[in-house]
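So, here's a batch of structures to check.
Across the two complexes that follow, chain A remains constant while its partner is chain B and subsequently chain C.
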Partner chain A sequence: MLFTSYNFIAFLIVIFLLYYLVPKKFQWVLLLAGSYFFYACAGIHFLAYIFATTVTTWWAAKRMTAIQQEQAAYLKVHKAELDREQKKAYKAGMKKRTRHWMLACLLFNLGILAVIKYTDFMISNINSIFHTGFTFMNFALPMGISFYTFQSMGYLIDVYRAKYPCQDSLPKFALFVSFFPQLVQGPISRYDALSQTLYEEHSLDWNNIRFGLQRILWGFFKKLLVADRLVVAVKALVGSPEEYTGAYVVLAVFFYAIQLYADFTGGIDITIGIAEVFGIRVTENFIRPYFSKNINEYWTRWHITMGTWFKDYIFYPISVCGWMLKLSKWSREKLGKEAGKRVPVYLANIVVWFTTGLWHGASWNFIVWGMLNCVVTLVSYELEPLYARFHEKVPAASGRWYDGFQAIRTFWIMGFIRILDCYRDVPLTFHQVGTVFTTGNWGSMFTGISALGLGAADYGVILFGAVMMFLVSLKGRSGSVRKQLAEKSVPVQVIVWFLLFFSILILGAYGVGYDSNQFIYNQF
Partner chain B sequence: MKKKRILAIVLIAVLLIGGLGLAQAILMPKYINDIIEGRLIEEYYDNAGGNDVIFVGDCEVYENISPIKMWEEYGITSYIRGSSQQLIWQSYYLLEEMLQYEQPKVVVFNVLSMKYNEPQNEAYNRLTLDGMKWSSYKWDAVQASMMDDEDWITYLFPLLRYHSRWSELTAEDFTYLFKTKKSFHQGYLMRTDVRPVTSYPTATPLADYQFGENSYKYLDMIRELCEKNDIPLVLMKAPSIYPVWYDEWEEQMEDYAAEHNLMYINFLELIDEVGIDFNTDTYDNGLHLNLPGAEKMAHYFGKILQDTYDLPDHRSDPEVAAAWQEKVDFYHEMEADQYRELEEYGYLKSYGGRPVDESKE
Partner chain C sequence: MEALLEILKELHPEVDFETCDTLIDDKILDSFDIVTIISEINTEYDVAIPAEEIIPENFNSAEALYDLIERLQDED
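On to the complex of A and B.
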């Protein structure tokens, strides 16, 4: 069920009405039933996967919490009898027991993800390296598997770290894993944040509904006016690489940057808006990413929940694990202080970006995409002193214009790296990007743009949508745009509502004659 | 305060519904000068009732038989409920709907659509279904006709289907926003131009000549509907030489008619008897007849129908005759218009027709 399908809208209306009609204590049960129904629509057999992850994670977390409680109770009773060393040894023993549960559960669930998502990638590599002929398994990828697996594993690790106790109720935990608005493309929620409002009883609140609906409409606006129109031109540009070289590659980078932003942030707007209508708060996943002045800032504004997941559950554990500390010490001794301190930073970054790339997809383009992000991150890190000296010597290089320059620079760097998503072929991508410097077809681009499957009216709508997105982003710098709108007079609010609604209804790319485009991040 | 709030909500609701209605009215295709067949189904509601003969089927009925000629020669009142590539289940539901408006003495069904066992094309569905008034018959017709990529809600709110026409709007969309044009003659689409037959089609062998189960199901339903209403059913195959009408199809229709004791007339076998000359009586190389051809068909078929089913001559009924005189006048007015255009331009620039000034609703 696509978010932009009539069926989904009908499903949403039914769930919404029932949600505020059933006794409040059953609201979360209704959401669970709705979420499983939503998931079953993608293929009833896929329920087995999400259910397996839910049950194993819930059970492992329960066992870990039981061990932690057993430990607390034991230490409370035997506080006086045990000396420090005995306590330490006891704690280590208990920690080992919890770790076994965590590792077993991680192995099982990441194993499912690995087998389903990466088997064919492995086979393809083995076949090309060893010239073997293993047949592909062609496993069907369950909807949102990367998202719900990572969300569940985050919960598991948090319980292991005793950040919070486990959720005792299996159905309630199942709702956390399967909550339908975020199941398709995230955000990757944290249990402690989402559970605060997920299981609460909610009364009909006009503000929640108004704000939620506005957010949903804004998501549809981005998706249907901009993303689903631009996708036609992007497909044309990428589909004929031999024809569209040089300036067209720059155009593809630009178009894809706008398309992906409109698609992904539009989807997240719909997700957050739906949750809000139910009175549930879902973590923001984007904060004006294209205003970022450097790659580090970009990754704190783009797909935020994924970035923090990798930081919390991969980067930090690797940075502080025993062997890394040993390696750090060794490298400082052998390579000197400056070079030595870089070894753990570089290693942790490489691992994080490699896995981030792999998480996005089972193909080399994603891995290279991840590694290029790593290179840019590390180069930025190395250039920091140089930039500091530059700013010292040229104090004029600051202020709004310089910020703008930095944002544009970051936009294009990220755009050129991201184009690997489109070509899906590493050598081809490098070749295409190379033609930007060797093919002087800038003039023909302005005439060729009309042959990309979009007419003047389409470009007009895209321009209108892109300008609106930019203006709303600008407005968002001074606080919630919806709150700002709520402070305006009723006629102004009604005009904005009407403009938004009729723009989507009339200018949206949907229905017969348009391909129903899945959200790009659904595939991950 | 509360009163003010309610007033504001009502005002917003009115603006919203009004805006949606206006947007839909603007964006819906008007079919005024292009694809005028899109108005065929809708025009019936202005002419419903009092017809002794109802023809149902695809373009082989609405372009091949002239009800006005049938009136002029025999005093038979008739109406053609046909549209482009009208599928058999659409014919069934349209007939079922018509029987709510009138009780004809004969129903004639053109059998070409037996060859389509499944929905074919969204654009043709629209030409037939958009014009139907909302009823259970339309709902059933929509359900039976939808392609995989269609949603029933777009038939309920056509704005969802036609929203993308915003970039194609012309002055016509605003001129005919609240009015339409009268272009048909009891469901007959007049063409006076001539384009003779230059070649005859070769029958490409088919893998399977058997009409589908779904087609037979609806043919049975049409027959049963007529039986239930005590109306004789006549099956016909119009004298169109394109597309090919296979002998195997002919056999199946003959068998069906014999089995159920129905009259079946294949006019392809009666070309000479009807007097059709494919050098002068077709406007598109034999796919459809032009006005002279359609009048020949009306002359020949009208006699059969009147003789067989003892249809009354209504010309002696002053009330009916007066109503039909208007139709006859309009018919000859358009005929004259078309011949004038042919003489002036060498081709049909428009189909003629009269604007209907009153609001459609």
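On to the complex of A and C.
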């Protein structure tokens, strides 16, 4: 059930009506039933996967909390009798027991993800390296597996770290894993944040409904007016690489940047809006990413929940683990202070970007995408002192125009890296990007743009949508746009509502040639 | 505390670490800084700060960070 399908809208209306009709203590139960129904619509057999992850994670977390409580109770009773070393040894033993549960559960669930998602990728690499002919397994990828697995593993590690106790109720935990608005493309929520409102009893609140519906409409606007139109041109540009070289590659980079933004942020707007209608608060996943002045800032504004997941559960644990600290110490002694300082940062960064690439998809395109992000991140890190000196010497290089220059530079760097999503393979992508510097077809681009499957009216709608997205982003810098709108007079609010609603209805990409497209991040 | 202030000053000479208590909230320290600080602390104080202790409350000020070091030394 696509978010933009009539079936989904009908499903949403039914759930919404029931949610505020059933006794409040059953609201979360209704959401659980709705989430499992939503998941079953993608394929009833997929329920086995999400259920396996739910049960194993819930059980392992319960065991870990039980061990932690046992430890606290034991130390309370025997505090006086134990000396420091005995306490330390006892704690270490208990930690080891919790670690066994955590690792077993982690291996089981990441194992499922690895087998389902990466087996064919491995087979394809083995076949091409060793000239073998192993047949592909063609496992069907359960909907949202990367998202719900990472969300569950985040919870597991948090319980292991005793950040919070486990959720005792299996059905309640099942809702956390399967909450339908965020199941297919995130955000990757944290249990301590989402659980605050997920299980609460909610009364019908006009503000929640109004704000939620506005957010949903804004998501539909981005998806149907901009993303689902631009996809036609992007597909044409990358589908005929021999024909569309040079300037057309720049055009593909530009169009895909806007398409992906409209598609992914639009999907997240719908997710957050739906949750808001139910009175549930889901973490924001984007904060005006295309206004970022450098790649580090970009990754704190784009797909935020994924970035913080990798930072908290991979980057930090690797960079501060025992062997890394030893390696860092050794490097300081052997290679000098500066090099030693860089060892943990570099190594952890490489692992994080490799796994981030792999998380996005089982293909070399995504791995290279990850490694290019890693290179740019580390180069920016190394260039920081140089930039600082530059700004000292050229104080005029500051202010709005310089911020704008930096944002445009970041937009294009990220755009060219991101185009790896689109082309068939890595060599072709590099070849196509290379033609930007060798093919002087800038003049023909302005005539060729009309042959990409979109007419002048389509480009007009896209331009209108893109300008609106830009203006709303600008407005968002001074706080919530919806709150700003709520402070306006009622006629102004009504006009904005109608304009938004009717532009989706009239200008949305429907009909022949515009079958509503899957959200790009659904495939991850 | 002196040694810790030196480590921090070396990373960001422009910051007054004795008074600033929003090092994370105001994004003065990023993840690379934090890893560098932890690695330097390990060398200087022989204390390993585990990943679960990397939370804003422990890194928002030099004082909070020093309290963390003392607590971990105590646990050792």
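By definition in this document, the second predicted complex is superposed on the first by the 520 of 524 C-alpha atoms of A that agree within 3 Å, B and C clash if a C-alpha of one lies under 4 Å from a C-alpha of the other, contacts with A are read in each partner's own complex, and residues count from 1 in each chain.
The definition used in the following text is that a residue touches a chain if its C-beta (ideal position, glycine included) is under 8 Å from a C-beta of that chain, and two chains touch if they have at least 3 such contacts.
Just so you know, these numbers come straight off a predicted model, no measurement behind them.
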Combined model on chain A: chain C and chain B, fit or clash: fit
Touching partner for A:G239 - first (chain B), second (chain C), both, neither: neither
Contacts of A:V320 with chain B and chain C, given as first, second, both or neither: second
Which of chain B and chain C A:V494 touches, first, second, both or neither: first
Touching partner for A:G404 - first (chain B), second (chain C), both, neither: neither
Which of chain B and chain C A:F502 touches, first, second, both or neither: first
Contacts of A:Y6 with chain B and chain C, given as first, second, both or neither: first
Touching partner for A:G455 - first (chain B), second (chain C), both, neither: first
Contacts of A:G336 with chain B and chain C, given as first, second, both or neither: neither
Chain B versus chain C, judged by how many residues of chain A each one touches: C
After superposition on chain A, the shortest CA separation from chain B to chain C (Å): 44
In the complex with chain A, residue positions of chain B that touch it: 8, 12, 15-16, 19-20, 23, 27, 122, 149-151, 153-154, 159-161, 163-164, 166-167
Contact set on chain C toward chain A in their complex: 27, 30-32, 34-36, 38-40, 42-43, 48-52, 54, 75-76
Contact set on chain A toward chain B in their complex: 6, 455, 457, 490, 494, 498, 502, 505-514
Touch list for chain A against partner chain C, complex: 88, 161-163, 296, 300, 311-312, 315-317, 319-322, 325, 328-329, 332, 340-341, 344-345, 348, 381
